[in-house]
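Take a look at the structures below.
Each of the next two complexes has chain A plus one more chain, namely chain B in the first and chain C in the second.
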Partner chain A sequence: MVGYLFGLWAALTLNFLLPRLLPGDPLAALLDPDSAGYVYDSAVRESLEAYYGLDAPPVEQYLHYLAGLFTGDLGQSIRLKQPVAAVLGDHLPWTLLLTLTALGLASVIGIWSGAEAAWRRGSPMDKALTAAGVVIGNIPVFFTGMILLIIFGATLNWFPLSGGRTAFARYASAFDAVRDYAEHLFLPALTLTLALLSSKFLLVRGSMIGVLSEDFILVARAKGLPAGRIKHHHALRNALLPFVHHLAAHAGFALTGALFIEALFDYPGMGRLIFESVAARDYPVIQGAFVVVSVFVLSANRLADWLTMRLDPRIREG
Partner chain B sequence: MRSNFLKAQTQLPERTFVREARRASGTEGLIGVSLLAVFVTAALFAPLLAPYDPAAFVGRPLERPGAAFLLGTNDVGQDILSELLFGARVSLVVAVGAAVGTVLLGLLVGGVAGYLGGWVDAALMRGVDVLLALPQLPLIILITTLTGAGLAQMTLTMALLFSPGMARIIRAQMFNQRGRAYVKIAQRFGASPLYIFRRHMLPHLAPLLIVGLVTAAGRAAAMEAGLAFLGLGDPSAKSWGLMMRYALNLPGLLLTDRWLWWLLPPGLCITLLILALTFTGMRLEKRLNPGGQSS
Partner chain C sequence: MSAPLLSVQNLRVSFASPDGNVRALDGVALELARGGALAVVGETGSGKTTLARALLGLHPAECVAGSIRLDGDELNRLDEPGWQRVRWRRIALAAQNAGTAFDPVYRAGEQIVEPLRLHLGLSETEAWQRARTLAEQTGLTERHLRAYPHQLSGGEKQRLMLAMALSCQPDLLVLDEPTSGQDMRSRAQMIALLRRLRAQSGLALLLISHDLAAAAALTEQTAVLYAGKVVEAGATRDLLTTPRHPYTWGLLNAYPNMTTTRDLSSIRGQMPDPARPPDGCRFHPRCNQAVDDCRRFEPPLERRGGRLVACHLGGVQTLLQADNLHKTFVTNGHAGPDSLIEAVRGVSLAVLAGEVVGVVGETGSGKTTLGRLLAGLLTPDAGAIYFEGQDIQAVNGAEGKNLRRRIQAIPQDPFESVDPLFTVRQIVRQPLDIQRIQGDRDALVRDALAAVGLPAEGGFLQRRPHELSGGQLQRVVIARALVLEPRLLVADEPVSMLDPSEGARLMNLLKRIQNERGMGMLLISHDLALVRKVADRILVMRGGAIIEQGLSSVVISRPQHDYTRALLLAAPSFNWFPDGSQGADESPDINNTGDQ
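Right, the complex of A and B next:
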């Protein structure tokens, strides 16, 4: 818990220090009429001045910044002329929808295929799956996404090329709405699932192989238990222990993978927001995105540790 | 099903697993090193191999592949094949630079922490843990947006953010070696810390450093491509990721078959480079067996 809070504090402090300490004075450029980054909109400029408060002494700026965080004040977007917290609130649900869908799919497929591959270790299926797992796990997500987009989006026309829903659509029924969202979600979620799948498969396979070589499996076999019961009841249940930790810890990786995928598919989540803000040098939004993603990743890691401790008596008591 | 049971029990599981892994890694290693050789050749001899200056406007915009331009031209009439060949330089320079930086920084922090131990170690490792826990991509995006997308600062940032993992591995190995009798004896004979480090620690760290170098290179190549893809590439050094970004910026790219020679080749190149580095790293890891467990 102490480590978690320390990490959180470090992320927030880094977020305060980076724009002020990095060379090039990016913040001063926003307020300097002679620079390329000058913000012409006077209302936005004033809110920026108020948020960063660069005239105040550093300690005062820091305290002001921390106090603002607790009230959800992340500054004002230069590009959208809206509070950063509101902008992030609009985009976060899309990213969570994409990330959680992919994590769920990848977990189900990864557990099932990993268990089967370990059960038939050395078989052609196992070898093919393991090789595919290593290769697919190392392909950059934007390349996988690009290939899927070209095949299923552009060539076969099965799925929309971009966006999170049909623009200005008015749905006749709830079913139509769900269908439209699902069609837009399909390719991005498939891309992310593929990216997450290989590590889950390899983890379950390895863990299952370890459990299968233990004595209690031998006893179960000697008792003449049916194979399916040994596989699912005895082996897989124990093999899933490291998976629980992995799943939570991997949530951060999934979230950052989603950022690339959204930029490719124009999916309206945090990734596209970051992509568009980078082009506009919208520092407050990028900083806000960093804070939000950091909080999520740190919390997921904390959750992973907590779950493992709850589930594994060896660690809890040890 | 039953016969699988019997087979699994008559074989010695550990032995077959090792043999399996070794056979697989031999092929992987060969593929990895050959691909790597191709990319290094392309990067070194790019000026000789490329038909045109990659920055020069040599043809009409968006020409289809033909005798004059094997992969056609981009939206401003630059030769795509030449861009591709010179792009290998950008990826490899970032990969090598970030990898060397990662290993050197990791060696410095991990070495000091591992050698001194005590509160220095505790303080350094706290910092390492924090940096490891933070999400790297958003942090790199934030830093690159603030500093501007230069190749040098991007490489440096990556080295800074990749090195904590390296430092932790090196520290563990140092702790492992520090307590050994021969190190204690050397200390009693009055050997300086630097001498002990060079003479006794470094040989044990070498396999770790080599594997770490290749792994970091793979991560850096992927990260550079990803950042360029997000629009954070150095426009003065056109990498494969940036080529993809420019191609995707063309409205309706996917509605024609242009993606076939403009988008696909750079994507394939960066993917193969990452796979080559990963395979080479996996092979080296099994071959050198860092960490020192017997196989």
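Right, the complex of A and C next:
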């Protein structure tokens, strides 16, 4: 736990230092009337200067920054002229919905197919799945996304082309709402699932093959246990231990993947926000997004540690 | 006699591999009576574990052929669900490596309960109750059942494995190396536990092990497995005391136990590649007595004197046999009763193929005369000597010459046994010239010199005896003996002229060459400390007669004759310090270094 707090602190500190380490002053472009990024709104200019307090000594700036974080004050978006926290609050749920859906789907499919392929190792099904896994795993997400968009969105017209929901829609019932959200989510989530799936499949298959060669599996067979029990109760249960950590490490990857996909599908999540903020040099938002991503990845790892501890008695003790 | 519980006939297990078809088991037949115990012993790679798994149907069905009958039911035709009904309920397996035999994420108790619930349909409470009883029987407690595998020691896991294997009260328990990887104390406890359990439950045991002592302690019957074939089978006691097959004999010799003071000697060579077993008898490349038939035909497993042996020669051959030898020397040039010295009086002995027999006695006991008789350098007054079944006095001419070639002597004093004017090359080459050996004789000379660790090139070949050290010359003499590829070496005090360190080096060399070439060796020495390090058997000589003989381990640990005990006490030790009761200087006549 201490490790995670330290990691969080390190990430936040880096977030504080990076803009200040860039050549020149992060606000120079914003405050210089000759630059393209000049902020015309004098009120915003003043609030920026006040927030960053660049005249104050660095230590005071740093403490001020940390205090702001704890009170949820992440500064003011230059582009949207709103508090950064509010901007993130608008976009984060969409990204979480997309990322977690894809991670969940990819995990379920990956675990199931990986376990089956390992159990029937060398069979045509195993060979086909493994080959497919390797191929799909190496296609870039924007390519997959584009293909899916062209086939299911543009050509077949089964799913909407962009957005997170139908604009200005009024829903007659909760069901309609869920349906609309789901339809918009489907293609982006499918794209991300495909991007995440193959590594999960290959990992579970490999780890399951390793477990199946263990002595305790042989003993389980010698005990006369039926195949299903050996496969799930003993083999898969052990094969999932490395998977949990992989999942946590993959959370960061999933998030980055989501950024591309959101841009492609014009999905209203963090990805699009970061894209637009970078284009507009909206530093406060970029910094805020960085904080959120750090917290997300660190939490995922913390969760994985906790889960592993629940799942593996050998680690519970250590 | 009732029908056996387990009857295995012509069991063949083969696996496809990149190198070709690996025949792990090739026609194995075994029988085990209800409540009986059978050990299957052999080196790593002999197919033991394959056999254990085959008995539980754990190999893919297409790999297994032949018949496995349990109580008359043919198991090898069963499908997977059929096997699931046999496993654990009728045949249980205590797997090798109990350390990794438990699923790490479940408590040990849960894993014992699992088959109880599945096979016997017990409720959770009943199953745990039964698990506690089983734990008690194997000397464990509730705490061990509640523990995760990683919290248990190797010995505890071994016991839990046993408790788990016994849970469904099987008819047959297959124990795969139950004692391997354990320290001696837990090993002894495991053996005691198994004996007790067997006495209590009357279950049949099939012990798969390379641990011969465990086989002796636990079983009545033993089968020796080599490269997927049974080479010898019979009553454990007989088999381990008088092995017939050369492999069994080698296995026993290689086995370290507390009663052996001899250095370990391995069976020469390696287990054959199971994908390409040699033609003929699979053991012939490592066998000390292989003949042409062994290279060409596979020996059948035949009943020979109450035991099954697969050997064309019927088992370990006697290389040299001497019956009732007598030799009397006449001193003073005339034959009067007071001038006769009976050097050898009624000595009978045998040397098996590949065996090292030590003849021990003090100076004047007649051991050198005996050596010369056996090497054919003297003719006995009475008695007969047979070498590979041939009476050495009856053969002559070409046959006799050939026979001489196969017995070679290494004399005590190398300086006396070489012509001082000969070069090293001439010394070693001379036997080849005398025997008119065909081929490149100089190459054979170089090979022989290389075998004894001497330079085989250039100037060394041209040296003469006075230019060599005692150790070098003794090596040259050994090379001279080896150059004819003898089957038996008669070595009379081969290292007594050397300092202890050079002597030890030379003795190691001699033992190694003997082991690699599978020669028999008769080692004559006054030095019991030396002999017991290399000899398989020891003969103690006194006054021209053999007064005690037996396995080295037995002669050393339980000497029967007072004279042997005296020799043992006189053997050099470091007990000559003030607190020691005996010392080397109290018995200078039987000393180690021998400053003659």
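We adopt the following convention: the second predicted complex is superposed on the first by the 311 of 318 C-alpha atoms of A that agree within 3 Å, B and C clash if a C-alpha of one lies under 4 Å from a C-alpha of the other, contacts with A are read in each partner's own complex, and residues count from 1 in each chain.
FYI, contacts are C-beta pairs under 8 Å (C-beta built on N, C-alpha and C of every residue); 3 or more make two chains touch, one makes a residue touch a chain.
Only a predicted model underlies this, so the values are computations on that prediction, with no experimental measurement involved.
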Touching partner for A:R120 - first (chain B), second (chain C), both, neither: first
Which of chain B and chain C A:D312 touches, first, second, both or neither: second
Chain touching more of chain A, residue-wise (chain B, chain C): B
Touched partner set for A:G145, first chain B, second chain C, both or neither: neither
Partner chain(s) touched by A:A227 [first = chain B, second = chain C, both, neither]: both
Chain B versus chain C as contact partner of A:F216, first or second or both or neither: second
Intersection of chain A interface sets (partners chain B, chain C): 218, 221, 227
Complex contacts: residues of chain A adjacent to chain B: 3, 6-7, 10-11, 14-15, 18-19, 22-24, 26, 119-122, 130-131, 134-135, 138-140, 142-143, 146-147, 149-150, 153-154, 161, 209, 212-213, 218, 221, 227, 252, 255-256, 259-260, 263-264, 274-275, 278-279, 281, 283, 286-287, 289-290, 293-294, 297-298, 301
Chain A-facing residues of chain C, complex: 53, 56, 58, 80-81, 83-89, 92-93, 95-97, 100-105, 114-115, 118-119, 148, 150-151, 161, 164
Partner chain C, residues of chain A touching it in the complex: 214-216, 218-227, 229, 234, 237-238, 241, 311-314, 317
Contacting residues of chain B [partner chain A, same complex]: 1-2, 4-5, 8-9, 13, 16-17, 20, 24, 28, 126, 129-130, 133-139, 141-143, 145-148, 218, 222, 225-226, 229-232, 244, 248, 254-255, 259, 263-264, 267-268, 270-271, 274-275, 278, 282
